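Got some structures for you, see below.
Two complexes follow with subunit A in common, the first pairing it with subunit B and the second with subunit C.
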Partner chain A sequence: MLDEYLPTESEPIGIVLGTEDSTPLAFWVGVAEGSYLQLDDSVLVETDVPGRGTVRISGLVQEVRARHEGLTLDSDVFLVDRGVLPAGIAQAALVVATRFEPEIYVPPLPGQQALRARAKDRDEALYLDQMEHKLGGGLSRDGEPIYLDLDFLDGSRGAHVNISGISGVATKTTYALFLLYSMFHSEVLGKHRTNTKAIVFNVKGEDLLHLDKPNSKLDQDDGRARREYERLGLPAGPFESVGLWAPVSARAGGQAIPDTGGRKEGVQSYYWTVREFVREGYLKFMFAEAESERSQIADMVARVEMFLDNESEDDPHHDACVRLGGRTIESFDQLVEHVHAELDDDASGWRGRLAEGTVAAFQRRLDSARHRMGHLIWGRQAEDPKGHRIDWDASQVTVIDIHNLHDKAKRFVTGVVIKKLFDHKERQGQRLPLTFLVLDELNRYAPREGWSPIKEVLLDVAERGRSLGMILIGAEQTASEVERRVISNSAFRVVGRLDTAEAERSEYGFLPAITRARASILKPGSMILQQPHVPIPMQIRFPFPSWATRHDEVAPPSTDDGDVFDKFKGD
Partner chain B sequence: MAQLRIDPWRSDFGSGAEIDFEGEVSKAVTDPQVETADWSRPIVPAPQPPEAWVFVDGVMRSETNVMAAEGDRRAWGRFGSVAAGGVRCDGTATFVAQDRPVRRVLVVGSRVEVADVTVTVGRSDLHYPVYPVADDSQQGLRIGLQRAMFAEEQQLAMSLIDRGLVFVDGRLSPDLIGPEPIVGVVKRMVTAYLDGTEAELLGRLAPGQRTPLFAFGSGQPDRFAFHLRLIPQEASWHELAGLVRCEVPMAIGRDAAIDIADRVACHLPSFAGRPGVDPRAPQNLTPVGALEARLKHRLGSRLMIERALKAHLTEAIHA
Partner chain C sequence: MRFLHTGDWHVGRTIRGRSRNDEFVGALDEVVAIAVDQEVDVVLLTGDIYDKHVVSHDADVLVFGTLIRLFEAGIPVVAIPGNHDSEARLAAFAPLLARVGTHIVPRVAPPDAGGIVTVAARDGKQRASIACLPFISPRRFSGAAELFESTSKGYVDFDAGVGRVLRAYEDAWDDTHVNIVMGHIFVSGSQPGGSEREITLGADYAVSPQQLPTTANYIALGHIHKPQKVMGAAADTRYCGSLLQLDFGERGQDKSVTVVEASPGKPAKATDIPIASGRSLLDVDVTIADLERIAADVGDAYLRVNLAVEQATPGLADQVRRALPNALDVRLVLPEQEGEVERRSLRGLDPRQQFISYYQHAHQSQPPEEILVAFDRVYEDVNG
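Up next is the complex of A and B:
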């Protein structure tokens, strides 16, 4: 429900209970008849401390209970229902204190009036008054805006967002995009707005290939979504600046056609050249499955990368090709064959002292990867390598589609892009403007167990991205399967619908027991947000996407292409 | 050999029937035939439409006993609290008159002159006006306090007449014997008013049935009464278990009394107290049991009050 009217003054809602202990950190409020308190409501109690003046204690409702008073038996309720047994109904709310102004940790006293905090009182309870740069993060359940402190996102005091939740219902990617939308369509970034970029991987379906189109279903539900955007101070529309990139189709016969299903228009295809592959050391991303840290394959990969780079020369006739051993490598297949030849040649130094088994395993995996991602590396057939190199500077949001690719190719693309991005930021040497990286399925790319080149890059992003201005908005079904350091470096933790068993794991220790239970019943569009400023996590929801998230949400093009005033002419 | 039968009340609350088998049947009965001469079978009233009933009850509590000394004169006294309240049942049971204040009294022998006492407990001032009694024995003080409670009950009952048929706990006191239709519900049968065929009928009553009306009173008959059974008789119970006697003022007239008797016989069993839950079930009616608990709670913390009185009296001695 979205109330049309938001009260601007805190209103009396009840009285602090004396039948339950009132402590500085948690206290119970008896809810007055005709009033209500719901979970996450902000509550304010003012208490007088002798000699110190008035202390304002703010908090959030964490539990609400209602019970028949004076009755002892469960069956009493039936007598009450029959009108035989009189009973009063008492409602009480447990408030967890979030703030004391001034900081004197005293309990509110029984009998003191409790207010539902509104306007600036509510801002105080949620520390919104201390946020200098407020990023709209959604709405609280009573329909008031909730903000994220940008200082904790942009690296100045913290960085990174981590989102967990069950696929399909947790709306993780949608929330990540909402955050981007909120950032790019408000003034919070100030003068850096235009130059701030985001790279988003589209891992499932074509969900993210319509970001640049308005959502035709935005107006359902009586325009409520529009009012929600308005309340957050955001326009309701598509992303303004979007670049869509899809891998080149494997069977296009040398034509760089994007491999997408539903959408072709406006989608650019990407590939890399053999020369880039050699010079930038992309080989490792063909071996991106996690493996034991003791595995020697990684040594083998590093060795081959080094030999490729050292022993090759740029082909003067084609900037996509290299020359190796005196002959021009015109395709990825030739490159792989060359590697095989070197490794099979006992006289060659490429294999070094690595065991026969390691070399064989390397070769096996090289071949299996090559069939999955080889079509993304072009040699002589590349007519315009620059035009097919993913250019994240061209648009504010760059969507890189990988959903149609085989798992090995997905890893390859992800690894290459993140690595390039990270190197780019590192060279830039300054935090601003920021670059955001949205990556789902973190458990695949930065698994808790084992080592992989992508995990290494992601760890770099998690640990050094804050100072480099590279911000990871990562998501996964289960945080328990993701590398701890990636999660622990996230200033913001967001949780959508969680599997009950998953919610019990220590990774969600920041959720109080009640909130954990709530996490298993969250609806799509509702998330639990933990941010550094606010001591307890809050349930929030975000507006229905104003950009299309599926093909059938794309608004049909307007029929009156010409004069927009045409439709008024009959009036 | 005699058979043994159980009384369903919890024994520390006494028994639901305490009539003296050796004693005489009360001669207060003047007429068991006001309704019918046929006491051979119970009266089974036709189903009655639902209606609003109001149950009124009071509670009392002694806080502390005192001796009043004035020169060489002495008298016993007692600080007490009384409260009355009501439950209105019209399909929904609700407490009524909840804002009615608790009354505090200082019952004290009238041979000494004592001033009212006001003590402070927490943020409240409790005012104990003097309630002089001629008999300051323990029994006398108890009766004094009980009178204060009855007065509260009666006052409340009269004020609730227009909210539905009013039931009070126990016998109708003389103050309630007027033209208003008020029903007294007597839980404990102490005096036998019936004998012979009439008395025999009591054991054969089933829930929803009643005896014919009989008229009685001390001196002059001033009320109609009838017995009814609240819940089905259990095999182990004696025949007087589970019965209540209801009284209505004679002044309301015989026809009105019969009408009320039928309505009460029809609906009162649904308010019967639950065996196993209420020690005086089924006679202590469920709404009344809840009301008593509520009212007792409203009297406040006995410990706090006792302490405040002690502190206050100590201070007065040192002053």
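Up next is the complex of A and C:
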């Protein structure tokens, strides 16, 4: 296997063909007998330019073909097979040039030797030699490391990653996490590693609630994954600094326990308080479905938020409560009732000049949202509000679970968290250390059509995050359903398996036709990576996760440990 | 590595002439017990160790005793002076205390001249580089900054100057260490606890959070007595707060020390552990008839009593003090003073009237005509 074999010098692989046109952009290489070239291999040809010296032309294999020579009929192949007709097999590879050193755009000449580029020649073909800060991003098809240029991720020259691909194979989130893993467990961030943070929303299953545990299946497949981590200069283990947060359970009789299934231990529960809701203006995130445009309802929401904040006083007796109209608001239900009462009261200024229909629609939606996410806002029953406020400062990676929540509640949580993160980063006023935000299902939060408060925040992140050091690693099944500016601000585009029709859309215009075709047959663990330096998207794969991604990948606790039984012993 | 962050002890502080020594003894016992219990590697003592420059015997006995107990438990202490401490006195004691494991950095010093203290963890595996920023008197500030600059620039902006000092420390840090700042400073955006009466809390002498090193594992601060996390700083930055409610400005505050777990290259995990030895400071509103009942409720808390009476008669205050021996202040509240402030409902008024009412309330006068005209114009604009 290639894994075992790491040559350090480029070796001859064939000769530039003269029967096909050689151009500066693309040329064909005849593959020598006993050798092979596969898609994405790096190739180097040196050519002499009169008066200018040697030009090194590097490129990547984009197409490989094999054919019988000298035959004209399709049926000839059977004659050759029977030994009746003599014929030679010719293999050739189409190389698309990526780089000229120095920059003299000439074609390589027929008959010139082509090398399989290794070591620093390969780095040159892939521009890895020009990256000052290299972030391990996976392995190319020949098993060698591929790096991302951190300068295009950290905001200094670009920012953001966008990942598309059909769901079901969990590849998108896993790749996003692999990038985080690579970042936090290597030296690439230098001294800024200490306070760089990542916030990850867990949208499906409990996949991400085991990040802090080693993957017990890592050693299957002959330890190949471990060798791949080693090749990338990474340890193979769990995430080392993780905070896990799940919504407080709706039916726990006032106990602040997390609403999770497979894992409870080490998971902290989160809720917000009535006072935070009022003071921070969270009402808007209860109305977070996309609308055709900023509607009357949005004005109504802004108005009610303002009245709530202005007319309420902090309850001196409880941190979670406020006083409104001379009465203590002890629960979220009471808060909602108060809003209704003000809106129903003709003498009250809350409804202003908004139309009857708008007010009624607002009230209807308020009730339906309250029903879905009201359990996340606590009043008097909150014993330790600080302890249940999501603390993304305490860990490198903070996972916020939302998968069990109703759609409205999901939007509420993501809206509130992203807004707070953004404000927090804005207040810091420094790009470094970076804050990463990993969000799947971008099409839901920043849809192409319509307006919503979350979309507004995400657009802010996409457009201003680069200078603020807030980096979005966003994912979606289909980029065509996501707000254009979110996609177009991403320096890195990553594509997993795509459905054929989707791959033809203009959002994937950066993929050459042949790569689009390949996108429909990608296996889990393989992606196509387009990065700013490298003119051609490359197919890469990333190692099997070294952290548990499912409950059954967590190593069972060892059974010779008697501790658990000791707990039940009498005195 | 584990750190215990404590400070603003103010040992020797009295309240209305009463000694609080017993409370300090209890609180410092708790501090030592927590340090031992949590197996901390280092105690970070962030200034205002003593309450006054001139120190009573009791206070010295208590402070030295505490430091020696930590030494005997094998826990080193790194300490800096606060504005209440005599820097000269601590500097004089520094070589002596160094023999019993307490390392004092009395003045701002360049990293290689004592400004950064390196401490190894008990297990010898990790090391901490602790950058020390003792209280800098704004008067002397230009002196401290000149340590880092060959030419004097005259007046140096305090905020930027402290930032330069901190960056010099940051540059000297080692990525493989746990890197900590400890300082006795006011960081803008933090909430004063009510008892820091010093002029240094004025905005001029605040340090903005942006000046704090972004690569620190943890930033341990003293000066503000209300325990809190400082917002707007990239690294976890906290005031551990004082050990007791030192005066009525701190009433109602829970007191604690902070235990910090940190390793190189990772964010710290900080946990507050309560300190319970101090007596509460309370404001109570009473009538003569209430006294007995209140006495049973307030335990050993020190009180500020507002006594509601029909009219002032001699001996009332003494009557209160007999019933409530811990009443430090007694104030008579007479009926006419009490005049119920009814929150006027603005609901029935139109916006213009609401504005006039607001203006009267805020400025104690009628709004001038031009302001009303401006209001009408804005209101028209908004309502289209």
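In this section, the second predicted complex is superposed on the first by the 553 of 571 C-alpha atoms of A that agree within 3 Å, B and C clash if a C-alpha of one lies under 4 Å from a C-alpha of the other, contacts with A are read in each partner's own complex, and residues count from 1 in each chain.
We take it that contacts are C-beta pairs under 8 Å (C-beta built on N, C-alpha and C of every residue); 3 or more make two chains touch, one makes a residue touch a chain.
Please read these numbers as outputs of a predicted model, since none were measured by experiment.
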Using the superposition on subunit A, decide if subunit B and subunit C clash or fit.
-> fit
Which superposed partner A:Asn310 touches (first subunit B, second subunit C, both, neither) | neither
Could you let me know whether more residues of subunit A are touched by subunit B or by subunit C?
-> C
Now for A:Ser506: first (subunit B), second (subunit C), both, or neither, which partner does it touch?
-> neither
Should A:Thr8 be classified as contacting the first partner (subunit B), the second (subunit C), both, or neither?
-> neither
Touch check for A:Leu85: first (subunit B), second (subunit C), both, or neither?
-> first
For the combined overlay, can you note the least CA distance between subunit B and subunit C, rounded to whole Å?
-> 62
Residues of subunit A at both interfaces, subunit B in one complex, subunit C in the other | none
What does subunit B use to touch subunit A in their complex?
-> 87, 89-95, 270-271, 277, 286-287, 290-291, 293-294, 297
Which of the residues in subunit A end up touching subunit B in this complex?
-> 70-71, 73, 79-80, 82-88
Residue ranges of subunit C touching subunit A (in the complex, touch as defined) = 173, 175, 179, 209-210, 214-217, 229, 231-236, 264-270, 343, 347-348, 351, 383
Taking the complex as given, what residues does subunit A use to touch subunit C?
-> 190-195, 197, 240-241, 326, 347-349, 353, 393-396, 424, 427-430, 432-433
